[in-house]
Amino acid sequence: MEMTYKDAIKMAMVEEMRRDEDVFLMGEDVGLYGGAFGVSVGMFEEFGEDRVRDTPISEAVIAGAACGAAVTGMRPIAEIMFMDFTTIAMDSIVNQAAKMRYMFGGKAKVPMVLRTPGGSGTGAAAQHSQSLEAWFCHVPGLKVVVPATPKDAKGLLKAAIRDDNPVMFIEQKTLYKTKGEVPEEDDFIIPLGKGEIKREGKDITVVSYGRMLPRVLEAAKKAAEKGIDVEVVDPRTLVPLDKEMIVESVKKTGKLLLVNEAVKTGGYIGEIAAMVAESEAFDYLDSPIVRLAGLDVPVPYNPELEAAIVPSEEKILDTLIKMVRKER
Amino acid sequence: MEMTYKDAIKMAMVEEMRRDEDVFLMGEDVGLYGGAFGVSVGMFEEFGEDRVRDTPISEAVIAGAACGAAVTGMRPIAEIMFMDFTTIAMDSIVNQAAKMRYMFGGKAKVPMVLRTPGGSGTGAAAQHSQSLEAWFCHVPGLKVVVPATPKDAKGLLKAAIRDDNPVMFIEQKTLYKTKGEVPEEDDFIIPLGKGEIKREGKDITVVSYGRMLPRVLEAAKKAAEKGIDVEVVDPRTLVPLDKEMIVESVKKTGKLLLVNEAVKTGGYIGEIAAMVAESEAFDYLDSPIVRLAGLDVPVPYNPELEAAIVPSEEKILDTLIKMVRKER
Amino acid sequence: MFNSKKELYQEMYRRMNQARFFEEKVSYFFARGMVHGTTHLSVGQEASSVGACMALRPDDIITSTHRGHSQVIGKGIDINKMMAELLGKYTGYCKGKGGSMHIADVEVGNLGANGVVGGGHGIATGAALTQKMKNTGKVVLCFFGDGASNEGSFHEALNLASVWNLPIIFYCENNLYGMSVPQDKAMNIKDIADRAKSYGIKGYIIDGNDAVGVHEKMSEIIDGVRSGNGPVLVESKTYRYLGHSKSDAQVYRTKEEVNSWKERDPLKIFKNKMVDMNIMTIDELEKIERETKQEIEDAVDFANNSENPPIESVTDDVYA
Amino acid sequence: MFNSKKELYQEMYRRMNQARFFEEKVSYFFARGMVHGTTHLSVGQEASSVGACMALRPDDIITSTHRGHSQVIGKGIDINKMMAELLGKYTGYCKGKGGSMHIADVEVGNLGANGVVGGGHGIATGAALTQKMKNTGKVVLCFFGDGASNEGSFHEALNLASVWNLPIIFYCENNLYGMSVPQDKAMNIKDIADRAKSYGIKGYIIDGNDAVGVHEKMSEIIDGVRSGNGPVLVESKTYRYLGHSKSDAQVYRTKEEVNSWKERDPLKIFKNKMVDMNIMTIDELEKIERETKQEIEDAVDFANNSENPPIESVTDDVYA
């Protein structure tokens, strides 16, 4: 069935809430209003205010209460309205939820999902547009998911809800309205930690995820017209990472381009580059590993500036061509 | 003059506070008590409670007020007692202090230093032992410093205090009592962004910083006994990073080992590896770039477990030998 | 600053009208997709914001919010640069990098709107600390909403400001909703001013739709703060007429409720008062209305005729 | 749970003594460098913690703090596993991974001590939400200190718990200091219980050194919470005798102040009360003292004879 990324997310939540009464949704304006981006529209009507809970504007306790509810037997889905505001909830996420199991010697489990939208492109400027997934990937105990298609969004969110660990489920604002085929089956699950080769190719590997993925696929299509055969790997889950899929692809193509929206310095594609550079794929690399990422600046308001800070399709295409033709 | 890392930090603060009355210190128990690690002992007596300010236990407003004081003309030094508690102050640091200048089109400056100690090794377990520098390096607008010696601590902290940007000054708990020669001059400054070759060598480059640096230097010394000539680069400032120094060193040695204490996945040495893998140094690399880092686990309490999660001197030595002898 | 009450009230009316017309214009632009991003309009809250700001001295300091147009206009701002910023132009206050949620003018004591609810609490507290340490005699007015008073930053800031006895007014514009959530679903108390007790400071409730009253009461309160009595919490009861932001179907409230508040429109109330008190005539008031309306049109021209920021400027000003 | 007042009070005295002797032992170990890390002892606060916990049902839930030994012992704990955890052993509650600051026993409703001041507020609130949603009839007792009440998490949690009418008791053990900072330098109010007003909930002040009083008042309060009246804030006034943590010269307070509190020692008060009320004889009480002392010695033996965690276990239990 064709549907939007947004509706696929809702479908996953609705199915899981029907299936398991321990699952519930909480967050700012998720109820009657249906969420700042309309993701949960209609859920309040179906499940009522007990299971679709509007909270005060209090991010720290949203995440903290989700943790406390999870460790005592619920399976909360907590929404933080913008990823930028996870800054207010970091203690709850990082020091509490992520570490509880380990600190307690394995005697606790914290099955919670924290949904939050990341990314620029909506004209909301520096405090509403960040891509901070790299932070969470640096925290043992958390799993981190960034779906790029409606299908992945549904399958991965269902897996996240059923997972017994805290999962950061990072949605992409600018993908909410994009459409795609989504399986309707209730038991359609995409296991966390499995990447997907979104396009097969032999000349170069591109690893990308989230908002940048459609651009990469477009660029790959155009590259094909120029006789360049691009393989596109979408890890989908950043932690745990499907290292094998990436390493195997690089061994096959000998070239690696990494693309993400987050600012370059310290971004997660740096981790992937480092992982490859220390793997057996190193010896197969015939040229430097290239990263295309956000400029190292806060997100500006002006639409042209805002567009200029993230890799464009042209830039990706250009880089692909240069890398394959070995121009530097 | 020989002194401890801790006293070198104090010396920097005292000198700057004598020089510039806009500089002041605030934080939990920094006053009469002298700070949780005793860094500011005696400063309260010299400067009084107006300039050495005890705060309530309120990390968000400590960083937020530092930002507000800085933008209105003071030069605050704010202490967050453990780096783990910067989680509570992330909005103030990341969304406010780091972005204010850019968001306002360059019409503000935020000259503040946020001092906080990182690292394990003190038996304080998962919530008092993290090394989270990678997070801050991923935030444009912040500078990030991690000194490894008393001398660097003094020179860099003075530079940080005089800098017109928010600087994360990350101290190393387990280095507080280590000693070293420290210049007494009032105008001894180490510019932010300049690395230092802590040991020259030609066989392999090791980039390391903070707590791991002394171990790396010890291992390098032992390696020398085995005829392996190790070059040790300490970037000292992680942002801005002295890329040139690292790239040049790798071009010279053809091998790169990276060592830090932070958990491996998403750590800042991944960024350095990626930077080298996309630089001109790539073509000089004759083997994979190796990272030795903390295990991907929260910090455990038991002392043997705690010691086991970070790279040991033996492990570093071993890796050096293997890399140079090309065993994999 | 003003030679007479009349001058003061003329300026007050001018600023309230600037705010109203500015936002009506912005609303029009957004509805037509002529502006990028989103905005939060304060139509209905002009008396609360302008009345409070005008009780400050010109060199006092404010921190503003996402719903900050009336606040920064109340403080006194160059409307051209503000409109230019909304349109993302290089001549704007933030050179097109900030937009509606980040209007700032640090030099004249406007420390900026904030995209983070509660994000200004700590900044304002630190700004007040500077005033105290440097003994400047200035005070800080920290704007925030009813919803923001549920953020942890509210608690930490008020507590610290109280312990340090800082010259700051925490000014809560209670418009009854935090986005879609009504006050009574976000807190279990009627008056946010009651939260002052947690910090051992004074709490005040004022009618935020009566600019004259706001100004008088705030003048008194600010005097106390300036003279070293420490921080206060003021709750200004008011209402926003329009949706929370660009796209809001307002399912969470009734038309009747909105209309009942429109009957207490701050501009109308003010106008009537001026006439009743024989301070200004209808003609004088209407002249101000016409002038400010024209000012806004001029600002639109200014903005439209301004350049976009050069693409290279995108990497400027990350660091000082 | 108890067949008589006497049984109850016997158990109460036993737990208070367990706590006291446990901590004296831990203090001894630390002073000799026999334990790694740091610890925060609650000597002097036993009545406050044990009295409150024993007003709970055994299946009720607590969140504890960095100064949590008396709290978790009050809730009822296997002292062997606790001592083993302090010594970092594999038989400890957390398999040696948590130590003093993370003692937890989730299955019996102890959601753990917390190294983060204020870190338990949100967790406790969420745990209370579970009880409400699953209609279990259980309540949550959330421990924290005076200092913690200045964290933003305090504010957010009390507000949310109030709005959602959750079965939770926010229990502030006010020992007058947050580390070195006395209450009056950390807040501008005398009674933390007054902060309840910000959330429209009830605030209570109790004498935390009188176990019998604590227990009685808390039983009443807990009944109300259990019956659906919503959260409350209780301030238990007490004092810690020892330094904040391992290394603390205590320059911030006088010996006289410490001694004046020692005169109101919770164990002494309790003992006298038992005798005065003819509930237990001195002999009976002293027998409990001897027994618990022995228990602690046995726990030390248990811990000493326990294995360290295998090094491989370091990567266990990061994920479920």
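Residue numbering begins at 1 within each chain, and the chains themselves are lettered A, B, C and D in the order written.
Operating definition for what follows: a contact is a pair of C-beta atoms (placed from the backbone, for glycine too) under 8 Å apart; a residue touches a chain by one contact, two chains touch by 3 or more.
Worth saying up front: this structure is predicted, and the values here are computed from it rather than measured.
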item: Identity of the chain that, by mean CA position, is farthest from subunit B; value: C
item: Centroid spacing, where centroids are CA-atom means, of subunit A and subunit D in whole angstrom; value: 40
item: Centroid spacing, where centroids are CA-atom means, of subunit A and subunit C in whole angstrom; value: 36
item: Centre distance in Å when subunit C and subunit D are each reduced to the mean of their C-alpha atoms; value: 46
item: Per-residue overlap in subunit C, given as positions that touch at least 2 other chains; value: 94, 96-98, 102, 114-116, 119, 150-153, 156, 159, 163, 185-187, 318
item: Residues of subunit B whose C-beta touches two or more other chains; value: 56, 58, 60-61, 84-85, 88, 91, 95, 102-103, 125-127, 140-141, 296-298, 300
item: Chain-level touch network, classified as line, ring, star, complete or other; value: complete
item: Subunit D residues within the subunit B interface of the complex; value: 35-38, 85, 88-89, 94, 96-99, 101-102, 114-119, 147-148, 150-153, 178-181, 185-187, 251-252, 308-309, 311, 313-315, 318
item: Contact footprint of subunit B on subunit C as seen in their complex; value: 61, 63, 92-98, 102, 104-107, 111-112, 114-116, 119, 121-131, 133-134, 152-153, 156-157, 159-160, 163-164, 316-320
item: Subunit B to subunit D touching residues, read off their complex; value: 28-29, 31-33, 36, 54, 56-61, 84-85, 88, 122-128, 295-298, 300-306, 308-309
item: Subunit B residues touching subunit A - in the complex, by the definition given at the top; value: 60, 84-85, 87-88, 90-91, 94-95, 98-99, 102-103, 125-127, 132, 134-135, 137-141, 239, 241, 262-263, 265-271, 273-279, 282-283, 287-291, 296-298, 300
item: Interface residues, subunit C side, partner subunit D - complex; value: 150-156, 159, 162-163, 185-189, 194-195, 197-201
